[in-house]
């Protein structure tokens, strides 16, 4: 079952693409949430650069939560765990960034990820999709694994010249420049911003600073 | 008594299977709980990959606690300690994942583990049972230790061809793909979901964010 | 005075047995408590495996506190320090486990340890006494040090064949399989469970989750 | 798109200049904020000296927040993440200090950074701009990247003698000695101090020490 | 002034004795306190064994605070810093244990240390004074430094045979077995236990567990 | 501008003297404060001994805050950052101790440091000024940098014999033994103790232990 696409759309599970000395492979990113205090756990024998790419994915989502349809207060009462099986294989690099981001957004919005989409691309804090290496090996692995659509960084579009025709014919390859394009392609439903009033924001800030959401007290902080 | 199955069903104690250069061995996973604040302690000279597999087991259980019959609030007021004797032998690898998960579920539900069942398999955050190495040595150790039933990953079923007939005759070998199959086989009683109302969830979230479970305050967070 | 039994029964001080390349030695385990917030300090130039054996001892005691006669709430308002003099000698291994456990129970119950008892044995989280190495050297050190009774793991009983007769005649050697046998032999008074009502437990859990012990609030967590 | 200036003014994104063995390069500093408790995250494969330069930038801003137009209370309820793509390239040195500082001020004031300005310079806690290395390579990279204006430390003005004329003609090179000059040149709007009364300060201090903003209680702290 | 006894009795400053390859030396232990939350800082280029000896000294004092005349609640609202100048010389070993303990007790009781007393000895958590090395070099340094009285472990009394007569005549050498003997010799005033009622203890425990000192609430924890 | 004295008196900025293999240099110590919770940040590529010397400086100031004119409660609601530019040069050793201490006192009292004073000396927790190395190189750097007055440890006075006459004539060299002499020479105004009543102290202690400044509650802690 390793190296094959999932059999159904899943919440919080995204198919990334890995590149090793012996070729490309599918990489499953799994994210689950549980009641907690805003901790982020990452496991799967991840090296520092991949760990940092999960931190960037998390901050990207937290910093634009309202636009993505996620209540900011959710981060105070939820722990998130991102795991990349299998547990024994060391993994590194930033190129799973857009897959990490998509897994977190899918998890927190309850919006399933299309099971036949795979993706590769570094993501910046502003949501820009940055180029990656090993495109050829990754596309071969996607084809082998039954993937139908692969999202790649637009800056890698020039590398498609070296990709065999049968691969390009067997896959729908979509170049993207921004994480919102990734969400649009990979999630089964569009993302809708939530309403988040000034009162909501004041209540959240009061909760974060350990002070009661007392309108008078809030008042006295401002004049 | 090392290398032998327990004499009675136990809560929080599961028999795993280890594989070293000198052969296979039974591995006892012990879990106890105590009043606390949600800390997880792991001991037994465990290396990083095995430590991570306990984290994954823990998050799997926490993220689907209600379905497993565990109150989510229990994680706030309980510390859990997972230990793998003996204390002097270094241990590593993800293949005790399903045993770790079963130990934690048994502990938190008070549901004893069948004493004549052993198991080997990595577990993903979504509960998928992933393949392991050293199947032959592990099965030999199970037979020697008086085990009757061994749960193995379905993806390892193909390795059974190389296993001696006397081992396959002396053990009931059960391939599994999902952690729920493991619970069904290894625990003495079925797991039953608890009821967990929106009020329960709101009270828990209020407790986690340090704010009172005041319905009005909760209201003002939402409109 | 090093290498000699204590002159009187002491609370929180247990005589263990160490085994080095140059022979066996008595090892004093000292435990003290002080008002605090549940911290456990361990000192005495201890290596990782011995530090882990103190963690296991501590969790064993915490997880069965009521049965041992210790109020679970005590762990919230007490810090415990376990020290193994002398401070300059590195120490490692799990074989002081039963001595660590006994020191902590003696300390928290105020039940003195018999001064002429020494002990060696790893302990599991479930209280099983696991085998150790260096039995001969340890028994010689016990005899030299004026010890009268030595508790050893039952699984080491087979090693008694190699022990000189004068040692076996000079010491009362007691094989044990469970930590409760250790408590019965080493403490001067029997351990008596305390009463711990559901109200006590609810008050403790409320304190641990930072919420008031308000029966109504507690109610709302449950229906 | 790497190595090119942004297409529009952005909040929290600043173009720095890097210097490696193989030449100069543009370096994007990205900063985002999210509801939180005052944590600062830094990623991008940064080595210790660059991490420290972000800490200095942060303290500079926090210590003069009111003058820069930022409410000090904002630091209690906001987490900030500074990231420097790409994630796989190690980066070090203090010379991005003024760019880091500008990114944080832009983020917290909502004041966009001019897209055609790049900058290089270490910054001290007092806002002094300290000299850097690799000026020639950095200016070449700025020119290549479509940058119009480059801010450099005044102490590096002497190095301009060695810079080719076409570079000096293609760029507006502005020597600066103080971080306020950097803000004036790089941000699209002037910075305006906020009003911050003694009552605001007392409310903030009460929040920080976990005590209520009770004027009587505050009084009793002072006479 | 290094290597010479202090000119007046001081609170929180004790003269220890160090032993290096090049001979013995006086070692000043300095302790200060400040309002805080119970942190212990240790500086002076101290290696692990010496750091641990300060932890043991601290726990010894905390665990018998009432007997020594120190309010246990003081540890919640005080930070303590122990420093051993000079800052550039690495220092290790447990033999400053009794000096560390004396410095902390002097500091917390406001009881000055006699300026002409030096001391060497490891201390156990129970207050036993354990033997040390380098006695001869240490006594020579004490004599050179103008010290009048030196406290040594009784187990080192046998080493006095090798000490030159002029040293033994120039110093009052006092063998000690228990830390209370050290306090009696080194402090200028006797130590007097404080009164510490059950109400005091309940108030302290309530403060430690974050619960109000409400007698009814306390009651409900016990029946 | 590096290696030259400041052009005006500054709060929280002190000129120290460094000594490297290639000669002496001026070293600026910068300290800023911001609303916070009592954190101390130190940056500037500092090695362990210099970091420890800042901790000692901080504790010295905190432990005698009232005498220096600083409200002890200020440490609960303020974070302090000490930075030593430039950020790329590693720095070590305890000899900037008196400069660190002076920077912190200047910062917290708002008392500017005389711009033409430089200083070198280790400081002990009790405020003793301890000897340093490299005096000649440091004095040469001070002269070169336009410094008028240099404070040195009295124990280094003997080294003045080797200093060239022109250096001794160009600088006012002041030997000091105690940190209070340093403050008197380096700060522009005398330090004045503040009033700090028992009520102030009780309110601070209540704030530190998380309990309300309720006089009755305070009472019940004492009888």
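First chain written, first letter: the chains are A, B, C, D, E and F, and each begins at residue 1.
The rule is simple: contacts are C-beta pairs under 8 Å (C-beta built on N, C-alpha and C of every residue); 3 or more make two chains touch, one makes a residue touch a chain.
Small disclaimer: the values here were computed from a predicted structure and weren't measured.
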Chain-contact steps, minimal, separating chain D from chain B: 2
Both-way neighbours, i.e. chains that touch chain E and touch chain C: none
Taking each chain's C-alpha mean as its centre, the one farthest from chain E: A
Rotational angle, Cα trace of chain C fitted to chain F, multiple of 5°: 120
Furthest chain, CA centroid comparison against chain D: C
Copy pair chain E, chain F: interface residue numbering same or different (half cut): different
Where chain B and chain E are represented by their mean Cα positions, the distance between them in whole Å: 48
Intercentroid distance (Cα basis), chain C paired with chain B, Å: 28
Residues within chain A bordering two or more other chains: 73, 76, 204, 210
Topology of the chain contact graph, where touching chains are joined (line, ring, star, complete, other): ring
Ring of chains, enumerated from chain A in the sense that reaches chain B first: A, B, C, E, F, D
Touching residues (chain side chain B, partner chain C) in the complex: 1-2, 10, 12-13, 28, 30-37, 41, 43-45, 73, 76-77, 79, 81, 83, 85-88, 197, 199-200, 203-204, 207, 210, 213
Of chain E, residues touching chain C in the complex: 48-49, 52-53, 55-56, 59-60, 62-63, 65, 72-73, 75-76, 93-94, 97, 122, 124-126, 128, 130-131, 155, 177, 204-205, 208-211, 217, 220-223
